[in-house]
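Shared between the two complexes below is chain A, which pairs with chain B and chain C, respectively.
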Partner chain A sequence: MRSVQMRSVQEIASLVVMLVIIVVVMSAASPVFFTTRNLENTLLDITTVGILAIFTTMLMIGGGLDLSIGSTLALGGVIVGVYQEAWGILPAAGAAILVCGLVGLINGFLVTYVGINPLITTLGMLSIARGVAFVLADGLTIPVFDLQGTQTDAYTLFTQFGEGRVLGLDTPVAVMLALFVLALLVMQFTPYGRAMYAIGGNYQASNLAGLAVRRYRMIAYMLSGLSAGVACVLLTSRLYAADPRAATGMELTVITAAVLGGISLAGGKGTLIGTMLGVLILSALMNGMKLLSTSTDAQNIALGLVLLLAVGLDQIRQRNFNIMRFLRSSRLVPEVARVSPAEGSQS
Partner chain B sequence: MTAPLLTMQHIVKSFYGVKVLDDVSIDLFAGETLALLGENGAGKSTLIKILNGDYRRDGGEILIDGQPVNIDAPRDAENLGIRMIYQELHYAPELSVAENLLLGALPRRGGALNWLIDWQQMNRQAHEALALLNVDIAPTTKMRDLSVVEREIIEIVKALSRQARIIVMDEPTAALTPPEVQRLFGIIRGLQARGVGIIYISHRLDEVFEIAGRITVLRDGKHVGTNPRAEVTHQSLVQMMVGRSIEDRAEVRAQSEAITPGAVALEVRGLSKAGAFNTIDLQVRAGEIVGLFGLLGAGHTLLTQAIFGAIKSDSGTILVDGTPARIASPQDGQRAGIGFVPLDRKVNGLVLDMSVRKNITLSNWRVLTRFGAFQRGLEMQHSRNWVDQLGIRMAGGIETHTRYLSGGNQQKVVLARWLEANVRVLLLNEPTWGVDVGARSDIYDQLEALAAQGLAILMVSSDIEEVLSVSHRILTIYKGRLTGEFSQSDATQEKLLHAAAGGQS
Partner chain C sequence: MFRKLLSIIVVVSLVAGMLLPLTAFAQDNATCATAQDSYTIGFANLTEDIVFTQLVRDGILSAAEEAGNVEVVLADNRLDGATALANADNFIAQGVDGVIEFQTDEAFGNVIMSRFRREGIPVIAIDIPMPGATFFGADNYNAGRLAGEALAAWVNENWDGDVDALLVLELPQSGPIPAARMQGQIEGLQDNLTVPVAEDMIFLLDSKNTQEESFQVVSDILPTIPDAEHIVAVTINDGTALGVIAAAEAAGRADQIMVVGQGADPSGQEAMLAENSRYLGATGYFAENYGSYLIPAMLDLLECRPVPPAIYVDHVFINKDNLCEYYGESWPDACPVS
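Showing the complex of A and B:
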C-alpha cells in the first residue's frame, strides 16, 4: 500500500518535471521563449485563467463543476462597459463583480437546493450569461475609457487594475498570487477547506456527520462566480474594452489545467499547487507554440492531447495496468455492467 | 475413497516480504460445503484470490480431481469450473433474469446472419437453468425488481449453468434477513445434491454451523485447523479465530448487577412517517443501551434516520434531555446532541480518502478552530485521545486514510467522531455488520463503557444474538410499529422473533 502523501508528492513532482521539460524544449526551439520579457508577458497572460482556476479547483475538490465562468466573465465585462457612464466606472466595476457573484449563487442554488446536475446547470448558465452579455452590448465590443473626460481620477484608478504595478509585479499577477496564497491557506487550515475535501470525498457521509453541506456548496459556486467578476475587471481594465465574446471556451482551459494538475471530476482530490502547475504547463506550451508560429488550431489540438495524455497515464498508473494481461483478456467478450449496491446508491 | 474435488496444498504467498499465507492446505469434496473462517486479515480472501487466479501463489500446489493444475489468471479458474459469488454482484439491472443468465451466450436466430435474439429459446433455456435448483423466479423479470437474495440466487444459477464445479461464496448473507438466509441455504443444499463443492466464507457462526459440513479456520495467514461441524463449538471456533478466549458476554452481563440508568435523555413521542413507521413512542435513559430489534425493512433504520434528521418525519416530537428539539436536518440532530452511526459506513459514514484524524474531528470543528483556522496541535491531541481510548488500529498512524482500515476499526472511527462531538444520545445502525469477531467484542465493550459514562444508546440491529447480549432493554418493531418491550432478563430469542414477526407478546 503506497502512502497517500507519497502519491501526491509524486504527482506534483511529475508535473514539475513536465513543466521543466516543456520550458527546456521551448527555450531550445525559440530564442525568445526564455527572456524576461516573454516570461513576464506569459505570466500576465495567464492571470485570467489562473484566477478562475484557483476557484474552480476549490469548487471541484468539493465535487462541483462550473462551466459558466467564461460567459460570466464576459457578462461582467459588458456590465462595466455599458454602465461606466451612467453609474461611474468604479461603481460599474463593483456591480459587475456582484452580478458575477449572483450568477454563481444562482448556479449554487440550482445545484444544491433544486438538485439539477452541475454540468447541466452551469451549461444552461453558460448560454444564459453569454446571451445576456450579447443583448446588453448589442453584440458590439465596448470601449472602456473616459470618453467624456468627466471621471479622470476614477479612470486613472481603474486603469491601475490592469496596468499598474504592485510590489514590482503587474497588478493582475499580484492579485492572482494573493488569491492563490489566500486560497492555499483556506484549503489547508480552515473548516471551509476541510469541508470541500470532505463533501467532495463523500457528500452523503459529510451530510450525516452534520456538516452544512448545502451551504458550503453554495458558497463554493458563489466564489466561482465572484472570481469571474474579479477577473473581468482586471481584463477590462487591461484591454480598455469589454467584449461579449470574451473568454469564450475559457472554462475548458481552466478545467483542463485543473485536471492536469490532479483534480478529479468526482471531487475530494487534488491540490491548488497541482492546478497552478497545470496552468503553467499549459501556458508554457501555448506560448511556446505561439512563438514558433503554430496556428491556434494546432494549439487547441495540443491542449486536448496534453489533457488526454496526462489523465490517461495517471489512470494506467493507478490501475497497475498490465499490458500482457490486457492483451490476453481482450477477446471480444460482452461486458456486463458492474452494479454494486454501494455504487448504485451514490449519485 | 475418491480424490477430493479440490486440494490446495502448502500454499504460500507474500506481499512485499510479508507472509500473508504460510503453508495453508485445504481440501474440498464434491457435494460438500466447507466453511472458511478467520478474522479480517487472516488470509481468507488471499487464499480465494489465488484459487481464482487473481493472485499467483509463491509456493504450493493446486489439484483438481487429484490432478495438478495451473491457475495463472481468472480465465484458467473459469475453465476449471471455479466460480466466485462476491458480496457485490455484477449484473445488468435493466435486463431480464434470462438475459443476465445467458449474457454472452444468447441464443440467436435470423438465418445466415444470425442477427436476432431468439427470445423464446432464451427464456426456455433460462427456465431450465432455474429449474435445476427449483428456483421459482420468472425468467422475464427484470434484475432490478429482484430482492438481494434473489439476485444472489440468479448468480448461483448462472454459475451452475456454466458448468461450475466449485463455487466460492464470500459473505453471501451479509445483507439478508433470516428468511432470506434460509432460502439461500435451500439453494446451497440443491447445489450440494448436484455434486458441487462450496467454499463458504462468513462471519456469522450460527450460519456456518447450519450449512457447513466441515470448518476451516485461518489465523494470521496460518491454517489453525479443519474440523467436522460436530467436533467444534461456538466458543472453540472463536478461540481458534482469535487465538485467545473471549468470555461469553451474556453470562458476564447476567452476573453484573442491574444497571441504574439516569434521567431520560432521548424521548420520542408519536413519531410517524407514512409508509415507514407509525406513532412511535420511546425513551432512552442516560446510561442505557436500548436494542431495537426488527427484521429488515421493519422501519427501524428509517426511524433512527428520522430522529437524527436525515429524513423528514410527518409528525411527532423529539425531546433531548427533556427539551423539545426541532430536527429537520442532520445538522439539527447534531446540534441537539444526537449522534448517528449509519448502516453502511463506507458509503454513509466515512470520507474514505481522508485521514483517521480528519474523520474523527469531522463533526467538531467549532471547538478545534480559533480565528477561523484549525489548531493543529489541539486537533491532533483530540483525535489521538480517541484512537487510544477506542483502540483504533491502523498500519500507518493517524494520517492513514480510513479506506485502508478494517471494518471494525472503521466503525470505531465513526463512533469516535460522535464522542468527539460530545453527543448525549447515540443512534447505532447494525454496529457490527462486516466486523470480525475480535473487533466485534471490542465494540461491545466500548458501548458498555460509554453507557456507563452516561451516554444514551439506541441500537438498531437485526442480529438477534447481538441485541440479546448487548442491550439493557429491547424493543421490537414490526411494519413500522413497536410490538414489544423486554427487559434484558426477560428477553429470549423466541420472544423477540415472535414479536418482531408481528406476533402479540
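Showing the complex of A and C:
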C-alpha cells in the first residue's frame, strides 16, 4: 500500500515538474503568458474540460469509459435553448442537467446490466445525443436571451452561472473547484471511492467480495452524464447561446488529460489530482501555443503527441515497467545486477 | 508704408491658411485615442481547414506586411463558439489594438462583441454580422444571383431553356446568410429561364458544406429522377459543386447536368478548366484579396477616419472564358501570356 502511495506521489511530482517546465518555457516565449489576465482566461477556459474530466476520472478508475460526454453536453445546451421560453430558463437548465444524467444512466444500464462494451455503448450514445441535439435545434445555434422580457430576474441569475464571480473567482472556476474537492473527498474517504478503485482493479474479485459492482458503476456513468449537464449550463450561460455542435471531440481532450494525469485505461489506478494536473498541462500547452500564433495543425500534432505519450506511459505503468529489468533482460547490463535487493520491493 | 503693411498681412494670411489644415490634422490625431505609430491586430479565422479561409488568412498577412506598421496575431475559431470566445479573451490579454473576427455564428456575436466593446477595441466582422462591428464580406444575395443568371443564360443557349430538375445544395445549419446566397441563385435562375423549373422538380439537399456529403445526397437523388435529361445544380461553394459533378459522373449522367457554385477557389478553377467540364463557373469572392480591404479599413478605424458600416466584396462570375483575366498567373498552361 505504501509503495502504491509512493508511486502516486512520484507520478504527481513528475506532472508538477512537467507543468512547471511548460509554464517556464511559455513565459519565456510569450510575455503575455504569465499575466494575471491570461491565467484567469486559461482557468476559465478549462472549466468545461475540467468538470468533465473530474467525473470521467471517477468512471475510469472504476473501469468504465464515456465517449458520449461531449455530445451529451451539446444535447443539454440545446434543451436549455429550445425550452427556455416554454418552461422558463431555470427549469429548462434543471431539465437539461436531468436529461444529461438520464443519458449517463442509460449508458450505465447498457454497460453494466445488458453487458455491451463501454466503447460501443458510449460511441452509439455519442451519435444519438448529437443527432437529437441537431434535430431539436433544427441544426441552428439558439440564442439564449430573455426575448419576451418576462423572466428578467431568472435570466440575470442564469447569466451569473457563466459570467458571475464567487469568492473572487469566476463562477465556472468556483464550480469546478467545488466539484473537484467534493469528488476528491468521495474518492478518498468514502466506501464508494474505495469500491471504485477495487472494481476497476479487479472486477471479478470485487464482485465475489460482495461489492455492488453494477450499481457502483452505473452511478459513475450517471455522474458522468450529470457533469455534462452542469458543464452545459455553465457554457450556455457564458455564450448566451446553445450550439448543437458544441464540445465536438471534447471527449478525446478529456480522456487525454485523464490518462496524462495517471488514470489507467484498464481502471483501478490514478488520482483526481493527477487528472487536474493533466488538464492544466494540456491547457497551458494549448494556451501558450495559441499566444505564439502556432498553427492549428501544430496544436493538433502536439495534442496527438501528448495523447500517445500519455497512453504509452499508461502501458508502461500497467506492465509495471522496470528499466533495470528491461536492460537486464536485454543483456545490456551485467548479470551481477540481478541480485540487487531493491528489485523485490518494486513489484 | 501702407503697401508694405498690406504685403506682410497677405503673406501672414497665406502662411496661416496653409498651416491651418495641418493644425486641424494634428488636433484630429491628438483626439484619436487609438492612433499609434504601429498596431497589433488580432485575426481569428473561421477555421484553418478549408482553402477559402486559408486564402483569407494569407491575404491578411500579406496586406499587413505591405502596410509596414501592422503585426498580426493569429487565432483559429475552429467553427466553435466557445473557442471564438476564448480567442477573444486571448486577444484582449495580448493587448491587441483591433480585431478582425471571422466566426461561425451570428448567435455568438453579442457575447464576443461585449468583450471587445468593454475594452474599446474596434472590430471588423467577416461574413457574419456582429453587433457594433463593421461588416465586411460577401454580398450574398447578389453573389448568388450572378451565378443563377449565368446558369440560366447557358441553359437558354444550350438546352433551349428547358430544365427538368433543379438540385439546390444548401447549408441550412448556418442560417440566413448562406440562405440568401442560395435564394439569389434560385431566383437568378428562375427569373431568367425561358421556362422556370416546376416547383416539384426543385430538390433542396443539405450539403453540410462538404464535397463528400454533396456526393452522397446527389447520388441518392439521381436514381429518383431517371427521366430528367436536363439537370442543373446550384451550390453553396466549390467543394459541394465538385461533389455534385462527381456523383453525376459516377451515375453515368455527367452529360445531363450543369453546375454553378460560389467561391471560385483553386479547386473550382481547376474544374472549370477541365475538358468538357460540367462546372460552368462560380461567383468569385476573391478571398485572397480580403486582406487588402480589411487591413486598410482597420487602420482607418484605428486612426479615426470614417469607415462605412458595411464593406462588400465586388463579385464577378468566373468561368473558363474570363478566368485567365483574374487568375492567369495561377494557370500558366491554360492562360499563356499574350
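Convention: the second predicted complex is superposed on the first by the 308 of 347 C-alpha atoms of A that agree within 3 Å, B and C clash if a C-alpha of one lies under 4 Å from a C-alpha of the other, contacts with A are read in each partner's own complex, and residues count from 1 in each chain.
In this section, contacts are C-beta pairs under 8 Å (C-beta built on N, C-alpha and C of every residue); 3 or more make two chains touch, one makes a residue touch a chain.
In this text the structure is predicted, and so the values were computed from the model without any measurement.
Touch criterion not met for A:Phe180: it reaches neither chain B nor chain C.
When both complexes are overlaid on chain A, the residue A:Ala198 reaches chain B alone and has no touch with chain C.
Of the two partner chains, chain B is the only one touched by A:Thr190; chain C is not. With both structures placed on the common chain, the touch criterion links A:Phe158 to neither chain B nor chain C. In the superposition on chain A, A:Lys269 makes contact with chain B only, while chain C stays out of contact range. In the superposition on chain A, contact of A:Leu140 is made with chain C only, not with chain B. In the overlay built on the shared chain, the residue A:Asn38 is in contact with chain C alone; chain B does not reach it.
In the superposition on chain A, A:Ala241 makes contact with chain C only, while chain B stays out of contact range. By the touch criterion given at the top, residues 47-49, 73-76, 78-82, 85-87, 89-90, 92-95, 105-108, 110-111, 172-173, 175 of chain C touch chain A in their complex. Considering their complex, residues 73, 75, 88-93, 100, 103-104, 148, 175, 308, 310, 330-331, 333-335, 340, 342, 344, 346-354, 358, 362-363, 365, 369, 372-374, 395-396, 399, 401, 404, 417, 421 of chain B touch chain A. In the complex of the two chains, the chain A residues touching chain C come out as 32, 35, 37-38, 41, 44-45, 48, 134, 138-143, 145, 235, 238-241, 243, 245-248, 287, 290-291, 293, 295-297, 299. Taken in their complex, chain A has these residues touching chain B: 1, 3-5, 185, 189-191, 194, 197-198, 201-202, 204-212, 268-269, 325, 328-329, 333-334, 336-342, 344-346.
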